[in-house]
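One chain, chain A, appears in both complexes that follow, with chain B as partner in the first and chain C in the second.
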Partner chain A sequence: MKLYGKFFMIHLKSIMEYKTSFILTCIGQFLVSFNVFLGMYFMFQRFSNVEGFTYNEVLLCFGITLMEFSLAESFARGFDNFPSIIKSGEFDRIMVRPRNEILQVLGSRVEFSRIGRILQAVVMFCYGFAVSGIQWTWGKIITVIFMLIGGTAVFSGLFLIYASICFFTLEGLEFMNIFTDGAKEYGKYPVSIYGRTVFWLCTFVVPYALIQYYPLLSLLGRGKPSYSLLPLAACLFLVPCLFLWKMGVRHYGSAGS
Partner chain B sequence: MITLTHVCKTYKVSKRDAGFSSAFKALFHKEYEYVTALDDVSFTISDGEMVGYIGPNGAGKSSTIKILSGILTPEKGTCLINGLIPWKNRIEHVKNIGVVFGQRTQLWWDVPVLDSFELLKEIYRIDGHAYRQNLEQLSEMLNLSGLLKMPVRQLSLGQRMRCEIAASLLHSPKILFLDEPTIGLDAVSKLAVRDFVLKLNKEKNTTVILTTHDMQDIEALTNRIILIGKGRLLLDGTINDIKDGYDSTEEALAAFYRRHNI
Partner chain C sequence: MRKYIAFFRLRFSMGLQYRAAALAGIVTQFVWGTMEILMFRAFYQADAAAFPMSFQSTCAYVWMQQAFLALFMAWMMENEIFDSIVNGNISYELCRPINVYNMWFSRSLANRLSKALLRSVPILLVAAFLPAPYGLMRPASFSAFLLFLITLLLGLGVTVAFCMLVYMVSFFTISSVGVRMVAVSVVEFFSGGTIPLPFFPEPVRQVLELLPFASMQNVPLRIYSGDLSGTPMRHAIFLQMFWLFALAALGRCLDVLAMKKITIQGG
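== the complex of A and B ==
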């Protein structure tokens, strides 16, 4: 953790060399995500509910998902640049240093421009809370914390898979965005509205439902209390991801001279 | 002590002809070719030795360095460095080695050199006292005092290379791998680097393995050379073994390459 802090500092120092660019990207990021919110707002002007969820409930769902994604993103987006780390041979350097590879990859890029997006997530998150009309109890607050932990784990896992695939091929990785950025977009609404097949996939393959739909029901007082614990089960998703990563490192072929 | 026994490494390379139609074909059916980078290579290097590792481009020099430093896993053969297998005990192993890739930087581009060093201190968990002592010694030997506060992107190649070498020695490794350390350097910087490596070997008894295409590097630094071509070990001896009547080592080496058809 201390090392991650050091990495963080060195990126902060680098960023400060290019001030204007930093501020502009922050603003840009904020505006883009804000559009999504407007889109939802206008839609609900016409329909008052989706599959039994009211506007405010959906807003809470969106706020939480966005928060999960932003947290994962600011931690694990080092993986986003992983193809270029492999191509440039920077990974060789990582391998000759006596620290965990994942930590070093995470530390290789820290995206401060995501601050805009995090800010927006925080705003949505708080707004969703305020309008949800839920009677907050300790149990429910803990559920939300579990959701954040589980969600960050799932999204980080997805980024890790994305990076692991780079060990095998550097082409056609765009499809992974369906699962990461795509999930964030679809995560605006509780996954049950997308039909049975998607719902099944989201429960057993990539456990979005466990971090979003089920605990949400529990928050709204419609599901079993045990649903609150499901986000923690979603953390298990990281296990196969880490396994894939280990396999990738062994398969690593390096590049150039 | 470094021992390498019967190490083999092959790469799978996809190949296709140039042009759009073959690019399109490759979408559906990719053809692969197996390229042998290392073929049954064995050698032993004892502590404190300086060895020149040479061979033409694509001979497998870098692959060997990468295996020795734990980056690559070979298909066959074993490698033991001070009792550790590099790719299995990676973290333990790399604490004791320093690696300089001449063509890549390990310093952070936008910040002063000293900031990079501080981060390395953290990565290698060097204690404060040893760090200060090493830094002082290295900056004196490599004449870095004026450079440490400059951002890396503003250094010249020669200045940067000196910083790179210092960076890979901060944790006082027992073995130093230098992969083309003098590539692109001017005469003065080259001499400075050579002098330093000699001194390091003499004073700290650091084992140095050097790959280069510059025969003067070899002549100035090493007694022993290991020569590989097309992944095979061709010669393990001294520079005189290839000289063979030629005046210039460069020509002798070229003749040697031709003779072995590599």
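== the complex of A and C ==
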């Protein structure tokens, strides 16, 4: 953990050398996700509800999902340039060091330009809270915290899968974007609106529903109280991801020169 | 003119080489299209009366948008151009007896067309065979289809002309990241990429339809889905031509200005 802190500081210092570019990028990131919000706003100008969810409830859902994604992204996006680490043979160097490989890959890049997006996530998160009209109790606050933990775990797991596949293909696979960026994009609405098949996939294959739909119901006072614990169950998703990673490391036959 | 056609052909056949990447792209776009349609279905079921287009035309709109994504997405700008401005490789281009603006224009056209050609056919084929309301319907008439093709090309022209402005601006700012991101998100939103323009409230929509962004994907996609016809359609096509010339003229002006005071970076 101390080591990760050190990696973190190094990246912070290096990015601060280029301040203007950094600030512009942050603004850009902010605008990009602001589009999604505006799109939702105009849709709800026309429609009063979708599948029984009102605008305010969907906003809460959007804020939480965006927050989960941004948290996972800022810490685990180091896996994003993993294909280049593999291809250049950089991973050999990582393997010989007496530290955990995952930690080193994570530390290879920390995306500070995502601050714009995180900022937006925080704004949406707070706004969603303010307009949701929920009576906040300790139980509900803990549910939200569980959701954030579970969500970060699931998205990090997906980034980990993306990286693990590179051991076999040497090349990042574009379709993994469906599960990460796509989930962020379409996770703005509760997953139940996409119909039965998608909902089933989102519960049992990749547990989006566990970090989003079920705990949201319990927040809104519509579900069973036990739904609040489901995000923790979603953390179990990390287990197969880690297993795949280990398998990948064992399969790794080095590349580059 | 012949030089630029040669550039066009070169880039076009280069773009056709990346078939594996296209396959991955097709799968991704297909899933995105499906999710988009499922989302619109949920809204349609919530309140069918408030739906501004027929559900079938919305589906056609989404599939066409996914199929021709490469033609209209502003974020598909060419990194090579930005890199060449930053690292000084631009000097090689300037040595050639050709105009930079025209060359990049034909190059971008070719890139986008070849990408779209590879990706659109499979998506359109699958979408055409999906069951009735969700699939891609046949165009209203033959003339509508012809108009669709013409406006598709016009829209492509407007998109490229707009991207050219961003390239030209980066001659002055060098680092293009910020300008680019802002430009991309503006285009995405105002051209109907996030939600189709008819879904906007009436007063907002009337303003948006006059902007150059509405002349990009909005016009051809809506002509195909039968949402735009008659006099409004003629106006839209006229606006497309106007913006194509206006943006291109502005781009050429910036080009002349930039060439006067250009600084070559790198060393």
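We take it that the second predicted complex is superposed on the first by the 255 of 257 C-alpha atoms of A that agree within 3 Å, B and C clash if a C-alpha of one lies under 4 Å from a C-alpha of the other, contacts with A are read in each partner's own complex, and residues count from 1 in each chain.
Rule of thumb we're sticking to: a residue touches a chain if its C-beta (ideal position, glycine included) is under 8 Å from a C-beta of that chain, and two chains touch if they have at least 3 such contacts.
Computed from a predicted model, the values in this text were never measured in an experiment.
Engineer: Give the label of whichever partner, chain B or chain C, reaches more residues of chain A.
Structural biologist: When the residues of chain A touched by each partner are counted, C comes out ahead.
Engineer: Tell me which partner A:Leu229 touches in the superposition: chain B (first), chain C (second), both or neither.
Structural biologist: neither
Engineer: With both complexes superposed on chain A, which partner does A:Leu31 reach: first (chain B), second (chain C), both or neither?
Structural biologist: A:Leu31 sits against chain C, while chain B stays out of touch.
Engineer: Which partner does A:Ile115 contact after superposing on A: first (chain B), second (chain C), both, neither?
Structural biologist: In the superposition, A:Ile115 touches no partner, neither chain B nor chain C.
Engineer: Is A:Gly39 in contact with chain B, with chain C, with both, or with neither (first, second, both, neither)?
Structural biologist: Touch partner of A:Gly39: chain C, not chain B.
Engineer: Figure out whether A:Val123 sits in contact with chain B (first) or chain C (second), or with both, or with neither.
Structural biologist: A:Val123 sits against neither chain B nor chain C.
Engineer: Is A:Leu242 contacted by the first partner chain B, the second partner chain C, both or neither?
Structural biologist: In the superposition, A:Leu242 contacts neither chain B nor chain C.
Engineer: For A:Gly182 in the superposed arrangement: first (chain B), second (chain C), both or neither?
Structural biologist: After superposing on A, A:Gly182 lies in contact with chain C but is clear of chain B.
Engineer: After the superposition on A, what does A:Ile134 contact: first (chain B), second (chain C), both or neither?
Structural biologist: In the superposed model, A:Ile134 contacts neither chain B nor chain C.
Engineer: Mind working out whether A:Lys13 is in touch with chain B, chain C, both or neither, as first, second, both or neither?
Structural biologist: first
Engineer: Same chain A residues contacting chain B and chain C, which ones?
Structural biologist: After superposing on chain A, no chain A residue contacts both chain B and chain C.
Engineer: Write out the stretch or stretches of chain C touching chain A in their complex.
Structural biologist: 21, 24-25, 27-28, 31-32, 35, 38-39, 41-43, 45-47, 50, 52, 175, 177-182, 184-186, 188-189, 194-195, 199-201, 204
Engineer: Would you tell me which residues of chain A are touching chain B in their complex?
Structural biologist: It comes out as residues 2-3, 6-7, 10, 13-14, 17, 88-90, 92-93, 95-100, 104, 250, 252-254, 256-257.
Engineer: Residues of chain B touching chain A in their complex?
Structural biologist: Touch list, chain B to chain A: 11-12, 57, 62-63, 66, 69-73, 90-92, 94-95, 97, 99, 101, 103-104, 106, 108-111, 115-116, 118-119, 122-125, 151, 179-180.
Engineer: State the interface residues of chain A toward chain C in the complex, per the touch definition above.
Structural biologist: Touch list, chain A to chain C: 20-21, 23-25, 27-29, 31-32, 34-36, 38-39, 42-43, 45-51, 173-175, 177-178, 182, 186, 189, 193-195, 198.
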